[in-house]
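What follows is a pair of complexes built around chain A, which joins chain B in one and chain C in the other.
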Partner chain A sequence: MTPRWIATGLSQDLPKAVAMAGHWQGQDLAVWRSATGRVQAWNDRCPHRGMRLSHGFVRGETLACIYHGWVYGADGVCKHIPAHPALTPPATIRVAAFACVEQDGVIWVAPADTVGAPVALRGLQPLRSISLTCDVAAVLAVEPALSGGDALRGLVQIGGQACEVCLLVQHNAAGLTLHALCAVGVDRIAASRWVEDLRRRAERKGAA
Partner chain B sequence: MIAPEVLNEWYPVAMAAHIRAGQRRVTQLLGQPITVALQGGAIVVTGQGGALHVTEAFGHVWACPGTPAHPLFPIPEALETGRRLVDVGVVRVKCSPLRAVENFLDIAHFPFVHTDVLGAEPHTEVNRYEVQIREDSDEVWATKVTFYQPQAAKSAEGGIVTQYMYRVPAPTAAVLYKTCPVRPDAWDVIGIFVQPLSEDLCDVWPWMALYDDTTPQADLIAFQQMIFLQDRSILENQIPRLLPLDPGMEIPTQADLTSIAYRRWLKKRGLTYGAQMVAA
Partner chain C sequence: MIRLYDYVLSASCYKIRLMAALLGVKLDQEAVDFHPGRAHKSVAFAQLNPAGTLPVLVDGDLILTESTAMLVYLAQLAGRDWLGPLDPKSAAQVQHWLAFSGRLAASLGMARLHDMLLYEGDIDAWRAQGHAALRELEAALSERRFAGGVWLVGDAPSIADIACFPNVALSQDGGVSLDAYPSVRLWTRAIRALDRFVEMPGIHRLHELRPAPEVA
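Then we have the complex of A and B:
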């Protein structure tokens, strides 16, 4: 069964007043953080001329399209069209929003009508996101200590110690992205190297 | 099947000087492989079904894969003495050839895409201008277009209010006339000739006929390439890659009158190669 909530990034990688690309099950999203820190996920397409809003720019609590500067407020409704400064845009010009929450240092997205919250990840700290050109089966094959489908969890050896890790799976056209978390207290540099090594091993396995 | 209306048009396929110098260009037109080469002193374009109709104009080789519905459009200004003709080279863009033309007709993006060059905030307003489809030539024209520009051309010193006219004489070609900074009584002429490699991939040849005796050629080319590469960052990130011709998929405003007329003109004439007809 397809999970509703998908991790699309880590909070630490999206500073204030920045937009980035995200996606939910093949649906491209513009994920952006306002000047005051609020994160939102929208359909990655300006209704005017189809430009990706993830290339846009954040000013205050608004996201503007990089093509013609159309400004969208926190409700997704177009507030300003620079080519016609005196015009109040009709409320029908709006960008569809996805549900988006930040929890445990992870940015989660789901369809707008989703009820409930993403799974809680207690005792874990966000580490890094990494993209792989292989599937989940290859990851599980090279790291048998991990199990799961949407979140790969287990005790793995990092720097000679057994450490709890959690890899949140986001599928994409080229393979998958893993948003990695590890137990609080684990050496982050060693854990980051373990993730890179896992990628090398899994991609080699996937290509074999 | 490609519609005869599309096959019977002219498309740019090479720079004539390159072919005359002995280069062969192996390329693609409307999804089919073609070769542009010199044979016995003449430029020949060969496709899978044999030779295509060929004509040479504005420094470029143009080909028609069907039966030409009309001669290639003229640009009378290209023949005026005192103008410098500048071939800017070719830029490959992963978009519909029609999206590349439409972007060329657009003014409102100047402050955001060509920031501090062709436009700058807070000078973002697009005043009302006139658009028509000229019945004698069957071309889309936009006139009385004005826009404030910090650096309208390589030869411009400081900001000016630039006047523009736009012209679409062929489905994948557009020409603009804009205030010449060093000769306010004349127009600079800039074109883009777009080669449709496929419905969502094109080679774009910017072209200029300017009054500018001082700027080095390399600087003129660099200026125009900078502008076009800024445009490419937009063109390769529009969804969908094809140009939507049905209303409802995209929302235009008054500033988009030229784009609206261009889309209607394409639809009316059946020039739908590179277009998306039904909202997905």
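Then we have the complex of A and C:
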């Protein structure tokens, strides 16, 4: 069964007043953090001309489109159109919002009517998001210590020590993105090199 | 005054305009009709640069035709902090990224020339080589972040960052998305947030750093 909540990024990669691209099951999302730190995920299309809102810019609690500067407030409703400064935009000019929660340093998205919370990931620290051009089977084939489907978990060898890792799977058109976490206290540079090595091995396996 | 033979859409020319702006150096910019005129391949231009490439920087009897050499020259003249730390490891790392910027030009840069200015060649190979280079850059910048750093070498921006920035920031013009490279994206934001940063077509400033025009 397809999970409702899907990891689309790590909190550390989305500072305040920044927008980035995300997605849920092929649905492109603009994921952005306001100046006060609130994270939201919206349909990644400006209702005006279809520009990706993830290319936009954040001022305060609003996200503005890079193309013509239309400004959207926290409810997704257009608040301001620079070319028509005196106009109060109608409330029907609105960007569809997804459910979005930040938990354990991970940004999770789900359809708006989703109830419940993503799985908790205790004792783990965020590491990196990396994209692979292979499938999950290739990852599991080269790292037998890992198991799972939507979250690959296990004890792996990093720097000569057994280390708990969790790789949250996000499928995309070219393969998959793994949002990697590792046990608190593990050297993240060593863990990052392990992830790079895992990707090289898995992609080689996937291409074989 | 230092003269730059320049083309507005060239990533390598922008590299020099950006470095000069950050250093506060004024350039005498001479626009060359790169596309569609191919003036850089003319016999007359070969007198200046036999390789027929842009940019070319001329200061008195000095003629430079490699953009990384121009970065070194401008930084030596006007802001030696931009050369990066001078200890052996850091100095070697700066050289690494200057050389690496050539790989970015040969991959992401060629993909962009293919898509924008109709260059012929193996677009799939250029994009694949571009992704391979971006993966290396992402890994290096992620390690820098884990150590509390922002820039490629040391605690301040250097010619290493400026050398690599343009072709990375323009990668989407060649059909290579930065969506999969979060550390690279944050690094490009840090460069765009620098005091005296200048734009080029395809690389805009961070609008959020200034108040909205209506309330200014």
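Everything below uses one rule, namely that the second predicted complex is superposed on the first by the 208 of 208 C-alpha atoms of A that agree within 3 Å, B and C clash if a C-alpha of one lies under 4 Å from a C-alpha of the other, contacts with A are read in each partner's own complex, and residues count from 1 in each chain.
Operating definition for what follows: contacts are C-beta pairs under 8 Å (C-beta built on N, C-alpha and C of every residue); 3 or more make two chains touch, one makes a residue touch a chain.
Just so it is clear, the model here is predicted, and its values are computed rather than measured.
Novice: Tell me which partner A:V58 touches in the superposition: chain B (first), chain C (second), both or neither.
Specialist: second
Novice: Name the contact category of A:R4: first (chain B only), second (chain C only), both, or neither.
Specialist: After superposing on A, A:R4 lies clear of both chain B and chain C.
Novice: Under the stated touch criterion, which partner chain does A:S192 make contact with: chain B (first), chain C (second), both, or neither?
Specialist: In the superposition, A:S192 touches chain C alone.
Novice: Touch check for A:I66: first (chain B), second (chain C), both, or neither?
Specialist: both
Novice: Go through the superposed model and pick first if A:A83 touches only chain B, second if only chain C, both, or neither.
Specialist: After superposing on A, A:A83 lies in contact with chain B but is clear of chain C.
Novice: Look at A:M20 in the shared chain and tell me whether it touches chain B only, chain C only, both, or neither; answer first, second, both or neither.
Specialist: After superposing on A, A:M20 lies in contact with chain C but is clear of chain B.
Novice: Tell me which partner A:R94 touches in the superposition: chain B (first), chain C (second), both or neither.
Specialist: A:R94: touches no partner chain.
Novice: Given the touch rule stated above, what does A:H171 touch, chain B (first), chain C (second), both, or neither?
Specialist: neither
Novice: Using the touch definition from the top, say if A:R201 reaches chain B (first), chain C (second), both or neither.
Specialist: Touch partners of A:R201: none, neither chain B nor chain C.
Novice: If you lay the two complexes on top of each other, which residues of chain A touch chain B in one and chain C in the other?
Specialist: Touching chain B and chain C on chain A: residues 66, 82, 85.
Novice: Can you name the residues of chain C that touch chain A in the complex?
Specialist: The touching residues are 135, 138-139, 142-143, 145-147, 179-180, 182-183, 185-186, 189, 204, 206-208, 212-214.
Novice: Taking the complex as given, what residues does chain B use to touch chain A?
Specialist: On the chain B side, the touching residues are 106-109, 111-113, 121, 124-126, 233-234, 237-240, 244, 249-255.
Novice: Would you tell me which residues of chain A are touching chain C in their complex?
Specialist: For this pair, the touching residues of chain A are 9-10, 12-13, 15, 17-18, 20-21, 57-59, 64, 66, 82, 85, 128-131, 177, 188-189, 192-193, 196.
Novice: What residues on chain A touch chain B, complex-wise?
Specialist: My answer: residues 28, 44-45, 47-52, 55, 65-69, 81-85, 87, 93.
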